[in-house]
Amino acid sequence: MTQSVVTEAPATEADVPSTGSDPRVRWVLLAVGLVAALALPWFVYPPVAMDIVALALFAIALDILLGFTGLLSFGHAAFWGSSAYVTGLIATHYGAPFPVAVLAGAVFAMILALPIGYLSVRRSGIYFAMVTLAFAQMVYFIAYQWSGLTGGENGLQGVPRTFFGIDLVETESFYFYYAALPIILLGMWGAWRIVHSPFGRVLMAIRDNSQRARALGYEVEKYKVIAFVLSAGLTGLAGGVFAINHGFVALTELHWSTSGEVVLMTVLGGIGTLWGGILGAFLTVMLADYLASSGFQGIDLVTGSVFVLVVLLFRRGVWGTVRHRYLARRLRRATRRGAADTRE
Amino acid sequence: MTAGERVAVRTRALTKEFRGFRAVDSVDLAVREGSVHALVGPNGAGKTTLFNLLTGFVAPTSGTITVFDQDVTGRPPEQVARCGVARSFQITSLFETLTSREHVELALQGHTRDGFRFWRSEKLLGRNRARVDDLLAQVGLLPLADKPVGLLAYGQKRALELSLVLAVDPPVMLLDEPTAGMGIEDVDRTIELVRRIAVGRTVVLVDHNMHVVGSLADRVTVLQQGRILAEGTYDEVRNDERVITAYLGEAEHA
Amino acid sequence: MNAVLQYAVQGLAAGSFYALAALGLAIIFGVLGVVNFAHGAFYMLGAVAAAVLLDLLDLSLWWSLLVVPVLMFGFGVLVERLLVQWLIRLDPLYNFLLTFGLTLVLVELVKQQYGVSGLPYRLPGPLRGRVDLAGVVLPRYQLFVLLFSVGICALVWLLMTRTRIGMIVRASTEKPELARALGINVGRWVTPVFGFGVALAGLAGVLAAPFRAITAEMGNNFAIILFAVVVIGGLGSIVGAVIAGFMVGLVEAFGQAYAPTFAQILIFVLMVLIILVRPAGLFGRKEATA
Amino acid sequence: MYGKRMWAGGLVLTNVLLLGACGEGGPGASGGDFSGDKLVLAVLNDQSGIYKDASGPNSVKAVKMAVADYKKKYGDKAVVDKIEVTSTDHQNKPDIANTKASELYERGGADVILDVPTSSAALAVANQAKNHKKLFLDVSAATTALTGAQCNKYTFQWAYNTYMLANGTGTTVTENGGKNWNIIYPDYEFGQNMTKSFTEAIKKAGGTVQGTIPTPFPNENFATFLTKAGSTNPDVIGTMHAGGDLINLVKQFNESGLKAKGIELAVGLMLINDIHSLGVEQFAGTMFTDAWYWNMDTEARTWADRFKAETGTRPSFEHAGNYSAATQYLEAVQAAGTDKAEEVIAKLEGKKLNDVFLRNGEIRAKDHSVVHDAYLVRVKKASEVKEEWDYEEIVATIPAAKAFPPAEASGCSM
């Protein structure tokens, strides 16, 4: 029984070069992703499109912990939901422009993440998952009780979409998508930057072998807490946008099932890939959206089965599997070339 | 390789109990500055536990540890590391997905605050390039620098272990079986390497290979069942009756 | 004073469910290294099975207490063979995620089959009514639940200390390094142990059937409190799981009595305090600094 | 408006294309009097979660029955030929309800959304109705906010609300001799509101409330609370719990022996499905207020028989409520000759009506609360049950005027 966290994904990735991906491919992917993000509301109902990108950022933020630090947080709904509430409250009571409200929500999520992270990183692996889950439940119950502020089970209704004095009316969700997309993209860029920074390198080292990182003088707990807080901040950005998009905040956003859903998205897309989170969010939201009007009863049956199958058979996730195939092919080609070279 | 007068690492009555079992039992150890000090003993003698104690991976039940007269008892490993103690691991212990270059970069960065810069590009790490290349060249890994270590051969991984310790440039190096599992040629190369890097440093070494111990160690401490059985130069120890029965005999039979 | 005693007994009775289920969770974790998210779902299945058996075969609670754990054992064996075993050598997180997915499926299936409003359950005559213990008036069934689960816990304890398999299970749960050193091979005990843990969750479910709403979602909240229980008790400890189970029941009862709005938060506050003071839990063994 | 569009459009590169793409979607005023030449009734409810039994798929069937009846009644004279009934599952998640409602109005061509259980979802849908200027007839959500602080012109609350539940039971039980009360309630907004309404009603009827005991939510273990509630020896213990918590509480009440001490249980919100699934035995003697009961008279019974032929089960008041709401909506469309929301609303407002579900009903113009007679019922003993679903005995009819709060008190301004 291995005690380190998420050893499987890295270990299997080790059989192909991880850093060797072609920079041209990266740029092409980025361009395709950007075009897809811009085109999305033309093909998908705009509020649903907004949900997709917000949840994509949520999944990416979770992946910073799960895929790059090796920590499974099963309580990220606490940050998503609390940021949604703070964003909603600030937009409602102070009429703040939505980007400001969203930012405030994200900051709140980070403040909340600090003590939770500090306490949770005292345990690792599966304990960490349970402890974060329990913390999130605590936040959920507090929001439930504090109905004067949160609206309790009725939710926080009537959150406005103010955009620097201009009232973006609900029907104009199409425009709102483009107004809010920069925040999401900024968040995604932030995640990419974190992962590809000296800090990100340390996180990967901690994921692969935290003892060794310690021996090199790294204060592992400190790094974990910072990663946790950063992840919560990005989650908060996504949650705030989600709240504005819907014009209200419900308790479901804080519920543990939301935490589970985002883990599902991340794992489905492929942990440790960033792109996978986006793909996972897209697939999950589209599936739920389709099933809602299909007359099929029992969405959890599908979601749960997909989850079981992915964990059993495609642990790399959709994106991870594709990337793995691609890299493996490149490696084979390179070897063949190498063999040809020696023959000459 | 003359041993100085100062003591680099000292333990006093160091004891570690695991549920009533004394893995390390009142060990008084003094490693003199600039010496190569070997710890030997049969399996289960407490060498690895002692190593873990010295580097903070295990907290002692009682007793104290000082590094250059600074008390480090009970400090976590990262702090001990920052006091200038670097260690290698007996069982190869690397970051499987990272390349050798990334390993060394990480090791070099360990004593700086750069690790917290999540807003900077990882290109920042490239500024030590010359030093990284140098360190990798020393252990013969430069040609493989950009390969994930998961793909390296065992001996290469051991070499990388050494280069990581080296990168930290520590006053005190703790090497846990640096030649374990190596072929004869590699062993000799490693001995050379250790000898070279030991200049001006204090080295604590655990190895089963008496050839390694004999060619490197200034002083040898023999452990048995958690206690110090004997201490002296290699030759003194080798001729010690108790040691012969307890350890060398066993090793020669093996 | 009477009130305090009464709350105490009620708290212990509520704690019985947690204790039994947490015992199963701890044993599974100890031997397989799996944190079974579906434990709440198995608890639910136990209750549903009791209700269905009563409806279809007129099987009373007494029989259900015997038959349902056996059925759940079989089901657990099936789950272990078909799903869990494939991930057992990997990081424990994968099985955590697997059992999470399994929970969604099981809950949904029960919903499809038996609806969402809950199932009826009838208590056998002798267990109805109240008992008067020196002024402390208690529902007879509550007392029964308490005594029964204490009995089961004691039985499991005997099993753990007096039988070979029990010792193996205990060694690998509480002293894995020792078990490894002694070369104990738990391999062939993995499947039955998983089944046994599931059976304990099912048994808790049967006990809950007459007393609690039997719905597909009855296990959801329960599972999360269970996690708090094992964090408090220390996952690596069988005794810890049981004691923490009863303790959480008490906290719940007294919280409800004296600070009702905060009763649920209190459990998690307790958990936080434990993490602060003893990160490994009350009876847990300390992990190496990881 | 134009300037705003320009502004927002300026955020993207392809402003012109963009307006072209999203200009479609909602129904335009194309040609005839009906958008898209058809009428679309969208049922948005919980088809998989905890409200599935009480409403769910069978509410869709009830609405389809209403459409069939409308067609049969008017035949060639019907102002619209094509009537569609769509069904959407909000999975009990308010954010899905919100998005789906907006999509139904904008893209699904929905003229009216029906049902929508749970308060948070219903309030979100009401907001969408207001923004899209389309109708929303709430049947399953009970929050008074829909016809109070958060009311709007496009939203009607058709079947019941928390005031009705609390007031009916509180007043009637007290008048019938249950003077001393102790109330156990879940400590969230629904429970708090219900308790407030109950307390007022009880005091007005001359009773006393000895104590109110909040409980966490959700909760499984009520033993402590019941002990506490029983300690003052009240005539009645009132409970404001619903769903699984209610069942927990009733089971534990039955085991607590309080019944034997002559303490009765009055329930704030109970659905016939609760009784059906738990068995009449558990609830025997419990009193609560129902908005409608399938076996209350011949008219109801006749419809319930048709419903059973259609679905295989007896209707809850929510099923009947959906049928009624759809029927009256179709009647209003028939009278208005169009599906334009403003005109249909004009036909609905102030209308006094009677149908299968509504007795002495009135669609109040002031707050869009649909008031009607309600019933205080007692759950029958197992021995009194003559057929399946024969669970309720009507103790008293609460006239519409007393069952619902006066319009002036609603706090609604549209």
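Order as written gives the chain letters A, B, C and D; numbering starts at 1 within each chain.
The rule is simple: a contact is a pair of C-beta atoms (placed from the backbone, for glycine too) under 8 Å apart; a residue touches a chain by one contact, two chains touch by 3 or more.
By chain, UniProt protein names: A, C = Branched-chain amino acid ABC transporter permease; B = ABC transporter ATP-binding protein; D = ABC transporter permease.
Since this is a predicted model, take the numbers as computed values, not measurements.
Any chain that touches subunit B and also touches subunit C is listed here: A.
Of all chains shown, the one whose average CA position lies nearest the global CA mean is A.
Greatest centre-to-centre distance from subunit C is found for B, with centres as Cα means. Note: centroid distance subunit B to subunit D, computed from Cα atoms, is 73 Å.
Distance between chain centres (mean CA atoms), subunit A to subunit D: 37 Å. Separating the CA-averaged centres of subunit A and subunit C is a span of 32 Å.
Multi-chain contact residues, meaning those touching two or more other chains, occur in subunit D at positions 48, 52, 187, 216.
With touch defined as above, residues shared between interfaces to two or more other chains in subunit B number as follows: 57, 76-77.
Each of residues 108, 111, 261, 264, 289 in subunit C touches at least two other chains. Within the complex formed with subunit D, the subunit C residues making contact are 3, 6-7, 10-11, 13-14, 108, 111, 115-123, 128-130, 137, 139-142, 208, 210-215, 217-218, 221-222, 252-253, 256-257, 260-264. The touching residues of subunit A, counted against subunit C in their complex, run 1-8, 72, 119, 122-127, 129-131, 133-135, 137-138, 141-142, 145, 210-211, 214, 256, 260, 263-264, 267, 297-301, 303-308, 311-312, 315.
Residues of subunit A that touch subunit B in their complex: 10-11, 13-15, 17-20, 193-194, 196-202, 204-205, 208-209, 211-220, 223, 226, 230. Residues 4-5, 7-9, 11-12, 18, 21-22, 26, 47-48, 52, 57, 86-91, 93-96, 98-100, 102-103, 106-107, 118-121, 123-124, 127-128, 131-132, 143, 145, 150, 187-190, 192, 216-217 of subunit D are the ones that touch subunit A when the two sit in their complex. Subunit C makes touch with subunit A in their complex at residues 33, 35, 83, 86-87, 89-94, 96-98, 100-109, 111-112, 176, 224, 227-228, 230-231, 235, 261, 264-265, 268-269, 271-272, 275-276, 279, 287, 289-290.
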